[in-house]
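Order as written gives the chain letters A, B, C and D; numbering starts at 1 within each chain.
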Amino acid sequence: MDHTLLTQHCSREVRIGREVFGGGEVGWIAGPCAAESYEQMRDAAAALKACGIAVMRGGLYKPRTSPHSFQGLQAGGVDIIRRIKAEFGLAYVSEVVDGASLELLLPYLDAVQVGSRNCMNYALLKLVGRAGKPVILKRGFAMTVDEWLCAAEYLALAGARDIVLCERGIRTVTEVTRFTLDLGALAWLKSQGVLPVIADPSHATGDSSLVVPLARAALAAGADGLMLEVAPCPEQAQCDARQQLSFDQLRALRGTS
Amino acid sequence: MDHTLLTQHCSREVRIGREVFGGGEVGWIAGPCAAESYEQMRDAAAALKACGIAVMRGGLYKPRTSPHSFQGLQAGGVDIIRRIKAEFGLAYVSEVVDGASLELLLPYLDAVQVGSRNCMNYALLKLVGRAGKPVILKRGFAMTVDEWLCAAEYLALAGARDIVLCERGIRTVTEVTRFTLDLGALAWLKSQGVLPVIADPSHATGDSSLVVPLARAALAAGADGLMLEVAPCPEQAQCDARQQLSFDQLRALRGTS
Amino acid sequence: MDHTLLTQHCSREVRIGREVFGGGEVGWIAGPCAAESYEQMRDAAAALKACGIAVMRGGLYKPRTSPHSFQGLQAGGVDIIRRIKAEFGLAYVSEVVDGASLELLLPYLDAVQVGSRNCMNYALLKLVGRAGKPVILKRGFAMTVDEWLCAAEYLALAGARDIVLCERGIRTVTEVTRFTLDLGALAWLKSQGVLPVIADPSHATGDSSLVVPLARAALAAGADGLMLEVAPCPEQAQCDARQQLSFDQLRALRGTS
Amino acid sequence: MDHTLLTQHCSREVRIGREVFGGGEVGWIAGPCAAESYEQMRDAAAALKACGIAVMRGGLYKPRTSPHSFQGLQAGGVDIIRRIKAEFGLAYVSEVVDGASLELLLPYLDAVQVGSRNCMNYALLKLVGRAGKPVILKRGFAMTVDEWLCAAEYLALAGARDIVLCERGIRTVTEVTRFTLDLGALAWLKSQGVLPVIADPSHATGDSSLVVPLARAALAAGADGLMLEVAPCPEQAQCDARQQLSFDQLRALRGTS
């Protein structure tokens, strides 16, 4: 389909805080799946700083499959993000799920994330595209690459110029990982040279022991960056505990990539 | 996962206008993919009345894969719906995509539809669940049945009591139809007896010549109703032209099901 | 791809014993998943006769996922088949898995079945195509319709003229059934009118309570016949116990289809 | 399921010619998709030697989707293989498709390949398992990892001790590559430590420009080796022309991996 705006107007190199995506170096985004407390985010922020990673994640709005699962701190967590940003000078990326969450988080966001469950929520894409911030657009569970680029085109049509695609795994027959990280699609997108593309091996595998090999594989396939879940005490996390790296695992990965 | 609210509080029989879903008879919903003009909707409404079908569809907000495709008449079409309802006394079902479209359409809606692309847009599900109207919840392209029931549980948690599931096909290896209508999932849901389930063979096949056999198959598998695309001049439709039945095809199907 | 031979030389109506597939009536094939004993096959044969079903199944060579599972009686079961055929006058269909099993079973086969796991085993298709018997060709777990027709074209190129396609479910995201019966593909194939197509709802669902609604759905979608698993004591079967109908269920289905 | 024999009796390190798979170094297998002529195989063999690659591929039996496509030189190509092996001292790996092809090729094979289309052809697995040679077992288009290990268990039960799994891509929603190389499954298998696992990025992508990044990704994910298609004149190949590397591309990949 028609991806003209992406091709003509969007940046091939996107800066979020001091990390650059698409410029030849690897851009890094890391942090807990969900922000759960000041202490948790503080410890994660300190670990990121020590590693030299400049962009933090840690969601406040968590679209969970069950409405009975923890949905994120939401508005109640904004003050934590404000304090962490002030204390550590990190850039912050977080998922938004509607106009209200976008408005509330926007002052603290250095990039806006649209998650897999909302990648075809075109009303949200129009809002996010108008927000004037870089956007990280995750791929849907069963989205073709063309549909993904069309979703990015919605962002571009609404005004976004700095769009980073994030491959986070698709649903397949494979039963030993939660999703299948599609590095062929990533390599193909890189060969087209339209938008920067990063990989999220944490959601793709759902298993921290597989995150490191898949992160390395993504970089070898040409990924412009990584989005990683890392937590001070992964096993205590309220959300996606099994897939979060420890600080030691993150350091080891940084040291060798 | 936990679907307690569906089981404890939701209706097994849902009434939309004079059609009943889940009460043993087949409930029918039909109409154009998108409302495009007063004349088109009037002709469709007359055909529905002549067939004895009491609920009309014809979307004003169309979530299209490409932002460059026709997106529906949106607010500009509300007056058409108001007139058609007044003139023909039909109930009306339409997809909403955000809070604004819900608010605008709500006075004219007898049931609110959540589409496949928004079936995991939990912010929208919360709004729709509070609206006090029956809800038709389509299945996502790659949603498990458990995820679908969890999405319905979001509606129930927000207050919805009248929820109808709509099987509209999932993405598979098959290349001769757009999607694969999953009548096994439909039959399984019927065997659980939690919510009424209808089928949309128009989107599932993308081909009007296959809609009739699949509609019959859905009813034979136990579907509580059908949602069908039908248009005065299918070949001129701005959206999904190939999958819309002619009035003659609809009449033939009604006569034999 | 090229399916010329199917189109030019194959029968649109295939006779196996006294059942006809593709002639407007429904052809029936039923019996145990695997032949396990003379008594079991005798009881099944008597039930089939009582129902008026003229073709029996009951495999001797069972391609099981694990090599540690029961693999069928193999050569040791041939005498059972010989006796049952002589006593009840039923036609017999069974899967073959290589040249040796084909040669051994051929004298007793009224149609040769190629199973899903061997549907791209072209060496086997060539042998089966030369055998001079009707062939039932099951669809593979993840086969496109074009690939399926190409597999049938292998049979035709080797000499087969009487080929019946059997839709038995494909692998999808759905978790409440073993496979997803693809009635859209079946309806599409019927619309092309090349070969007779039957459905196997037993393997598709893996659950006897869903076999009856899916069997009815397949017929409503235009299936030329059904292949059903039925057993005297389904719960004691060594293979696929949960999906086999009881005789009562089979009678009920016959009476209403 | 039960994979006891793999775990207890199979080698974690498999030697084919002078390449070792599972010993920490990368094992390499390369060559044309299909052997087509003495000259083609001679040029490929010379290029492999120059690169230091010790195992050659180049199939004589090609299971093609259409029976009207080139099926390989079959028995007519055996003499080419004999000459090439004698002249260049390379090991040779080739797919077999039945007992006859196995018997014919066995004297020239250093490892027997079972292809994706035959990965659930258990009759063939039993024959191959008895042949006394290392086996390369490709994954099926829609095979779970458990089913793959069960297929390997068939080989082990028949006597095979040296089994190498080959991940070659699975069928998914992705449309920009032929298949999706599943490096998550590969990394998971490596974490279990049962059998060596290699990757075939040529079949996975179907596009030679994507083979190099995916080959590097596979090694980064922990692959024990690579199977690559390479041809003197890729564009003239009768089979899978688009996915074969040129010698220059192969040399570049060798130099940097």
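Assume a contact is a pair of C-beta atoms (placed from the backbone, for glycine too) under 8 Å apart; a residue touches a chain by one contact, two chains touch by 3 or more.
Note that the structure is predicted; figures quoted are calculated from it, not measured.
Chains that count as touching both chain C and chain D, per the definition above, are A, B.
Two chain pairs, A-B and B-C, are compared here, and B-C has more C-beta pairs in contact (counted per touch definition above). Across the assembly, the mean Cα position most removed from that of chain B is the one of D. A straight line joining the Cα centres of chain A and chain C is 48 Å long.
Distance from the chain B centre to the chain C centre is 36 Å, each centre being the mean of its Cα atoms. Between chain A and chain B the centroid-to-centroid distance comes to 33 Å (mean Cα coordinates, whole Å). Shared interface positions of chain D, i.e. residues touching 2 or more other chains, are given as 142, 146, 171, 173. Of all the residues in chain D, the ones that touch chain A in their complex are 142-146, 169-177, 179-185, 187-188, 190-191, 204-205, 207, 209-210, 213-214, 216-222. Listed in rising order, the residues of chain A touching chain B in the complex are 1-2, 63-68, 97-99, 101, 117-118, 120-124, 140-142, 146-147, 150, 153-154, 157, 171. The touching residues of chain D, when paired with chain B in their complex, are 142, 171, 173.
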